[in-house]
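One chain, subunit A, appears in both complexes that follow, with subunit B as partner in the first and subunit C in the second.
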Partner chain A sequence: MHGRIKLKTTEEQAEQKQKERLKKLHFYDTTRSACFAKRKAGILDEEGLILSGQLLAANPDFATLWNFRREIFLHLKEEKTPEELQTLFEKELSFLETCLRVNPKSYGTWHHRGWVLDHSPSPDWKVELELCSKFLQFDERNFHCWDYRRLVVQRAEVSPQEELEFTHKLIGTNFSNYSSWHYRSTLLPLVYPDTECRVGRADEEALLTEYELVQNALFTDPNDQSAWFYYRWLLGRADREETVSCLYISREGQRLIVSFSHPVNVLLPKDELILFVDGLPLRVTWKSPHPQLKRSAIWICELPPNTINAACSEHNFKVHWQDGRIQRECILYKGRSESWCRDSATDQQLFRCDLSVEKTTVLQSELNSCTQLQELEPDNKWCALTIILLMRALDPLGYEKEMLQCFQTLKATDPMRTAYFDDLLSKFIIENSILKMEYAESRVVDLSKKNLTNLCHLDQMQLVTHMNLTSNRLKSLPIHLSMMQCLEVLEASDNEIECLEGLVQLPRLQEISLQNNRISKICDLRPLASCPSLILLNLKGNPITEVPDFQSELSELLPSLKDLIV
Partner chain B sequence: MGTQIKDVVMKADAPSTLLLDKHADYIAAYGSKKDDYEYTLSEYLRMSGIYWGLTVMDLMGQLSRMSKDEIIEFIKSCQHDCGGISASIGHDPHLLYTLSAVQILSLYDSLSVIDTDKVVEYVKSLQQEDGSFAGDKWGEIDTRFSFCAAATLALLGKLDAINIDKAVEFVLSCMNFDGGFGCRPGSESHAGQIYCCTGFLSITNQLHHVNADLLGWWLCERQLPSGGLNGRPEKLPDVCYSWWVLASLKIIKRIHWIDKNKLRSFILACQDEETGGFADRPGDMVDPFHTLFGIAGLSLLGDEHIKPVNPVFCMPEEVLQRMNVHPEILN
Partner chain C sequence: KINTNILPKKIKCIFFKKSFIYNFSHFRQAYYGGNWASFTFSGLLAWIEENKVIFLSDCLEITEWMNDIKEGEEILLLNSSDKSIMNVEVFNFKENDLFLTVDLVEDLKEQGSSQRKDDLFLTVAAAESFESGIDKSPDMYVNEHPSEALEHNDVCTSSQKKNPELFLDGKKYVNVCKTSVAETRKTITYSQIIRESRRFNIDLVSKLLYSRGSLVDLLIKSNVSRYAEFKNVNRILTYQNGSVEQVPCSRADVFGSKQLTVVEKRMLMKFLSFCIEYEQHPEEYAGNFKERTFSDFLKTKNLTTNLANFILHSIAMVLDTDLTTEGLRATQHFLQSLGRYGNTPFLFPLYGLGEIPQCFCRMCAVFGGIYCLRHGIRCLVVDKETRSCFFFFFYRLISRAVLITDRSLLKADSEQLISLVTVPPLKNGQPAVRIIELCSSSMTCMQGTCEVEAERPNVLWALYFNMPDFSSVERSSYDLPNNVYVCCGPDSGLGNDCSIQQAEHIFHQMFPDEEFCPPAPNPEDIVYDGDGAPPEESLFKEHEESEVGDGEERTLDTKHLVTSTTNEAEDAQESVKEIPSE
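Entry: the complex of A and B
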């Protein structure tokens, strides 16, 4: 079904072909019927091997016939002498090799080969390893063969070190070999385990040697994406550890908010979250900020009446998660309206690479190499993208201007992926804004006029009270916005917003500016009905303002709204 | 030395409009030449072939042209004592064809014609200690079969019959450095496999394990200058890979990362104006497999002449709505 070119044929040729087909059809029909009949009668003999072999040689995807052969082998195992069996198995292997030469990409053939070896009286796995190398020489991207090789490696107990050398050899003859780079990504952590035991990451020293190998590849053929994908992984960071990153209490709202490093579902027994107030466990009901967020980085509970006593000098709040292995504590002092205890994005180097501080010199030299390469290859998008990533790993704020320039290059050289670059840039700009806000110890975030196409990291803005999103290219206020539980003022004018699904149950939200957006239906505003403090709404320049009866319907939907600007 | 991008050249006279009527005629006629050599030779996957044909007809609003009674009789005769279903009569049961059969019966709202309890037992019997699934009793392990198992059970409303936590654990152990997934732990990422694994995680509500930005980047890099998508780096574009990449992007909510217009032109260029049907690439021979994935791809791209397709099950959305099956889409 793949790669069969449609040829124009004359009538004569077509007739000739039809004749051949009829002949082949007849042979196929009789041979298959003979196989099925034998099988039905329980005759599991060598003739069955010959018959099924005639069909499988041309049609290796006929899975049932491989099953038939396996049944025959299992049967013959009980009848034949060990010598006879050995000969039969060897014959099978050479038959399989012939099949693989004709069709090296058949799942059934490779699986059968593995089965045969596993059932063979004296399997020679070293020979198999050589067979794999031979087939990979012929097609170094054949993933069936690679997968078979991994089986052989396991059975023959070939060390990861030897396999790493094998990929090195292949990469040496052709850098453009995604399969080999992929294999290295699995072998490197085995051969050089990370000293801090992070799963799937390799030791720093090994990473450094690996950078050199990749740099070689990149400079030899800068347009080969294989090495770039691998390089991005090498530069990557390990997953953050799961933890409770913030605990927030509001006296006035009588509520408590817990933030996690990852989206979790605390309603599942394994992720149970327990609250202690002044040392005593308190049964509360946890809910996520949005009904659609089954897993969420933020969980909220309403405190039962009288939990917080205004006269009390201090209250101690503490949560236990994962059976108490992870805890966080926060004290609400008398007279304070709110209190929190959190890891900030700056402390955690949340948006940076995971290499240790001593190694920033290494990243710096990687950046220098890439910049050199970019001088030779100014239109190379892979290089531009990698430079961006390196700059972000080194100093996200310091390189902001250069980063924006690189994005211009990217979009100009690879217009097909504009939307990806726009979203990626939005993400980096939001990260930078969060960093700036935290350095300023502020709770106001200004994201206006940034060409944002996408909102992310909203769980990191849980304490923000004012957000300005004016003049961007946003199409919606997504459900994750509901994590901004302290939000009071939201400015989102001059976007392309059609959908407000994230403006749900935000207890302190008072003012929303949505001037010049694309809100067209009254039902699009329905989420706002769940924001009890809303008093000002600006809808000027939205199609909805032209809907008849819109104002009366709106006052029914939002009875406590004081100011409607249209 | 420089890598030449492998791609196809788009000819100026390639088809650029959707030839729905021709495709419907092509599929309707396909099953009627039963003594054809090519047709006979594909009996080992007949059940899937029928699923491809029926689904594409349903997406085009032409399901009634297919012979329902004959197909249902055929499926009944392909269920074995173990509960599993084979591609054709005389062939052995396998998860691939069990799923196809259950999909066909779902289209026809006729699941009760087979013994569904036994189907559930069969699927269950193929789960291994490590959570993975064998395709049949001969033990080939592949994440494709994890998808088949989960999809079959979800359509039967019996997902809880298997050990889901273990099944998820196995699929996640096949995740790679590029955010993609392979056949088995250690296997290279491949668009078809990524489709199966994201689909599996969607059905089991575990999409949060996917690194959507990383995977989405790899997936959108599958788009070549011709507009078509390939299944792995440095490979040729293909209509079926276009579907697998597109559906995966839809599941992880990143479908806007590819150039939709260019992909649409590529898919349309793979039509055969004479015979109807789609080929893998412009100028190749058409087949029902690529015809389904061509039409389904155009549906995901928003073509209004085709019914909306569900990216996880590759079946009309309306069928899944009726069955109350709602696989997760990342938000």
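Entry: the complex of A and C
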């Protein structure tokens, strides 16, 4: 029929496709062999560029071929005139751009592009910057391109200010962009340095405008995590400086304990810790409270006999750390059994969590807007979590009740992460208990009936003598408990404890109450053998009491034990 | 009255040919698309003249071919002229070829305040900078301003009365602005527009394509999309509290908006997220709201007046009187189209909307469709038994305006923006005004220059006219022979769904077993007889060659496909008989 169009059938189409595929495969195979043969023979000419180019255009992840090309370029660099080279490099760049269009996420291609520009006689980095912007427009999360951009920015010496504006633009188009937010967090401190020169922090005024920006994102889409994470960075504080936070001396124990702000390993030469007694250096052996703690916030040394003289009116102890840059001094007067010198948690506002020491008014207004958002979005977990952090930054004790309430909301809205919230809550409760104890200037900490699932900040409790952990949900007494070197009485009844690995080498520990726990094997009690003063142990209601011969085995393990309650 | 040349028809055409059904389309006019057409500026002037002429009689000399009428057949005479365009008025704000400045915003206000019941439908266009040696970045905006009224026939008179008033308004502002013109040397002249005429097309209808609307789907499915290019609409604007503002509709807009408080942002996002899946939350709107209006529903949603207005007029774009579910559906449609091609839900075809019917015609022509321009159907020859009387119906009028202005309604970094502006009704019950502001890179307005630094755009040239909206007229009200189908022409909606639906419906009535607009085959899948050059390409060449010879109206746009020659008139009549009989 006139004008009628005949179409190929599906079989014909499939056959034709198959034919084309085979043809392509054959071409690929022969070209690859040719490339390899050339490389083996050491022929580094422009034909090699053409051949490898044909392959790489189809498969840009063929790393060997990129290497081959680089070898050719290095070789040609010696042979060609600068003009010829320049055209060659320019050709390579446009070839790379076509490769990137095919696969914008190829490691090989981006890396080769950087290499080419670094070896090019006159690289135009500005063009590269535009290329990056274009690719980030297509896919703002292409981290290959982000990496490349950082290289370009460095080479082209682009000012952080311009880059900050660039991130602003990207965030404007789509703020669900971790890369952009994170980039801002690195740029802000460069553009607006902190007035107190704290590393990694930005000027307060700049932070205020950032709060506004991020709040817009939070209110627009409170379920987007990226903005919340950036918000937490904004509210964050500078890292605490590394320091020696406490020096403690016990006369009867003939020992000295040094605490640090961060876990360290003083056995390493760079962190060497030197002790001076009455002005004279004294060689001692430092050990961590638990053999498994290689890095520890607490280091202990046994003083050689007769270092402390009971008749002497006072002894001066002093430690030098980091080549004497950091020092701490403590005096043990006559008649005193112990002495210490420390930074207290309350003075340092240690538990105003990871949040800043910025003007409280700012934090207060941030808290207000978050609360407002929570009223609109009662089920938003990010909001609830941030409210908790803000309240802790402002006044951890004052907001305790509200905090508990927020945790209830969190657990209800995100039941999958109940365990995480329980651990976090445990941490905050312990912080509050430490604060309360310090305000009361006592050495007794009561953590009973707090629903604790986890113990932390134990390094802050190294002076505590009595600890009550009764009626919680603890499953173990972790190794960090060994930092509580002054502990005498530990009540841990009505928990789910199976493991006592933290009760190691606690010289003053006398009484342990472990009623109604889950200790089932005699070997679980072995750590207690290293606590020399232990005289009372309550194991009532533990499965272990059912084990035959348990008492005789226990008395073998703990010969000095006077009272065993079962 | 039978409307013959409309979009749905084009879509149908394609298909006939593909299914090897004989297809023949004819147009009374010398251009494609009927009331859907786009014109060059001089073409538009010709169109204006044509539509100003009042046809006194429709007497036809039918005697010549009366002899061909067989026994048992009867002639059903048709109007020889298209009288669907009414009340055409042109305002040329110029003096000695120099344009005077007329304040568009004031003009707009005046129109609103004059109690007119129309929807003003403005299309304003911004132009690309143009080398003029002026150091200020030169810009010029050509604005189309089709104004749209949703009126019943009887209200029509008021709109007719209105035009002189408007003219007075125009005069007034001409006077006001004269001095400023004298001070600032204007560089756009009327003759310049005439000279540049072929560089841009002006549409008769003012519509946009929803990115997930049925027209876009159809363009993709049928492969007709290969003949057209589109630009994304960049901004959704509204007129509120005395100023033009950007409507935050996407997530990025809401985030970046400076006018909204954070709480408003949250409320807006919350409401919009609900609208996307409103069917899943019937408890929110069922019951009480089923029978109540969308604007009442919005009042219960804790939205500020600002937000409620944004949603009602600029996002849902429904009337105050529309019901809740209608508003929710419209909002959902808007939101679903967001983000597919850009930050707003709309696309606009380069070279104007007149391109769309032409694209379908072109595809049809590729597969052998024949077009005949400048030949209307004079009459239908019908079997006596099915002959029945004429019809009577009411229809609404769409008021349109095309305005050419010198700058955008709302200043922005870029001049190459397409914006949709909605002006909420001044009083409840009145329709809203919709404006589409176009720019020169959409090839729908002139590149130009203007050095006046003013806050508000000036109107340089304006055209007003009424077009009937037959979309709500039932086919049954026509009482036609059963193998004659009626298309309604452009409707007043912003999208094209109504027309596509109608085209598909008519097509299925004609060919119940055929697929509507099946995908056109890829050129490589076509088997050619012999080993000559692929006929498809040569086909195009042929057309393009034949085109060059025949048009005095040829524009830069070479996409037009004209295949008809004048001596095909005889065929035209015969073909009428052949059109589908089932």
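Simple rule for what comes next: the second predicted complex is superposed on the first by the 535 of 566 C-alpha atoms of A that agree within 3 Å, B and C clash if a C-alpha of one lies under 4 Å from a C-alpha of the other, contacts with A are read in each partner's own complex, and residues count from 1 in each chain.
To be clear about the criterion, a residue touches a chain if its C-beta (ideal position, glycine included) is under 8 Å from a C-beta of that chain, and two chains touch if they have at least 3 such contacts.
Given the structure is predicted, the values throughout are model-derived calculations rather than measurements.
Visitor: In the superposed arrangement, which partner chain does A:Thr360 touch: subunit B (first), subunit C (second), both, or neither?
Guide: neither
Visitor: Quick one: is A:Thr173 in contact with subunit B, with subunit C, with both, or with neither? Answer first, second, both or neither.
Guide: After superposition on chain A, A:Thr173 lies in contact with subunit C alone.
Visitor: Kindly classify A:Gln372 by the partners it touches after superposition: subunit B alone (first), subunit C alone (second), both, or neither?
Guide: A:Gln372 sits against subunit C, while subunit B stays out of touch.
Visitor: Have a look at where A:Ser120 lands relative to subunit B and subunit C in the superposition and call it first, second, both or neither.
Guide: In the superposition, A:Ser120 contacts neither subunit B nor subunit C.
Visitor: Who contacts more of subunit A, subunit B or subunit C?
Guide: Partner touching more subunit A residues in the overlay: B.
Visitor: I'd like to know which partner A:Thr243 touches here: subunit B for first, subunit C for second, both or neither.
Guide: Neither subunit B nor subunit C is touched by A:Thr243.
Visitor: Check whether A:Ile479 is in contact with subunit B, with subunit C, with both or with neither, and answer first, second, both or neither.
Guide: first
Visitor: In the superposed arrangement, does A:Asp423 touch subunit B (first), subunit C (second), both or neither?
Guide: Touch partner of A:Asp423: subunit B, not subunit C.
Visitor: Would you sort A:Phe219 into first (subunit B), second (subunit C), both or neither based on which partner it touches?
Guide: A:Phe219 contacts subunit C only, not subunit B.
Visitor: From the superposed pair, tell me which subunit A residues show up as contacts to subunit B and also as contacts to subunit C.
Guide: 1, 3-6, 220-222
Visitor: Which subunit C residues qualify as touching subunit A in the complex?
Guide: Interface residues on the subunit C side: 20, 251-252, 254-256, 262-263, 265-267, 269-270, 343, 367-368, 521, 525-527, 529.
Visitor: Using the touch definition up top, name the residues of subunit A that touch subunit C in the complex.
Guide: Against subunit C, the touching part of subunit A is residues 1, 3-8, 13, 171-175, 215-222, 369, 372-373, 376-377.
Visitor: Would you mind writing out the residues of subunit A in touch with subunit B in their complex?
Guide: 1-6, 21-22, 24-25, 28-29, 36, 59, 61-64, 66-67, 70, 107, 111, 115, 141, 143, 146-147, 150, 176, 178-179, 182-183, 185-186, 200, 220-226, 229-230, 233, 263, 292-295, 415-417, 419-420, 423-424, 427, 478-480
Visitor: Which stretch or stretches of subunit B touch subunit A in the complex?
Guide: Those residues of subunit B that touch subunit A are 1-3, 5, 35-37, 40-41, 44-45, 86, 90-92, 94, 136, 138-140, 142, 176-178, 182-184, 186-190, 205, 208, 213, 216-218, 220-221, 223, 225, 232-235, 238, 254, 256-259, 262, 272, 279-281, 283-285, 287, 289-290, 331.
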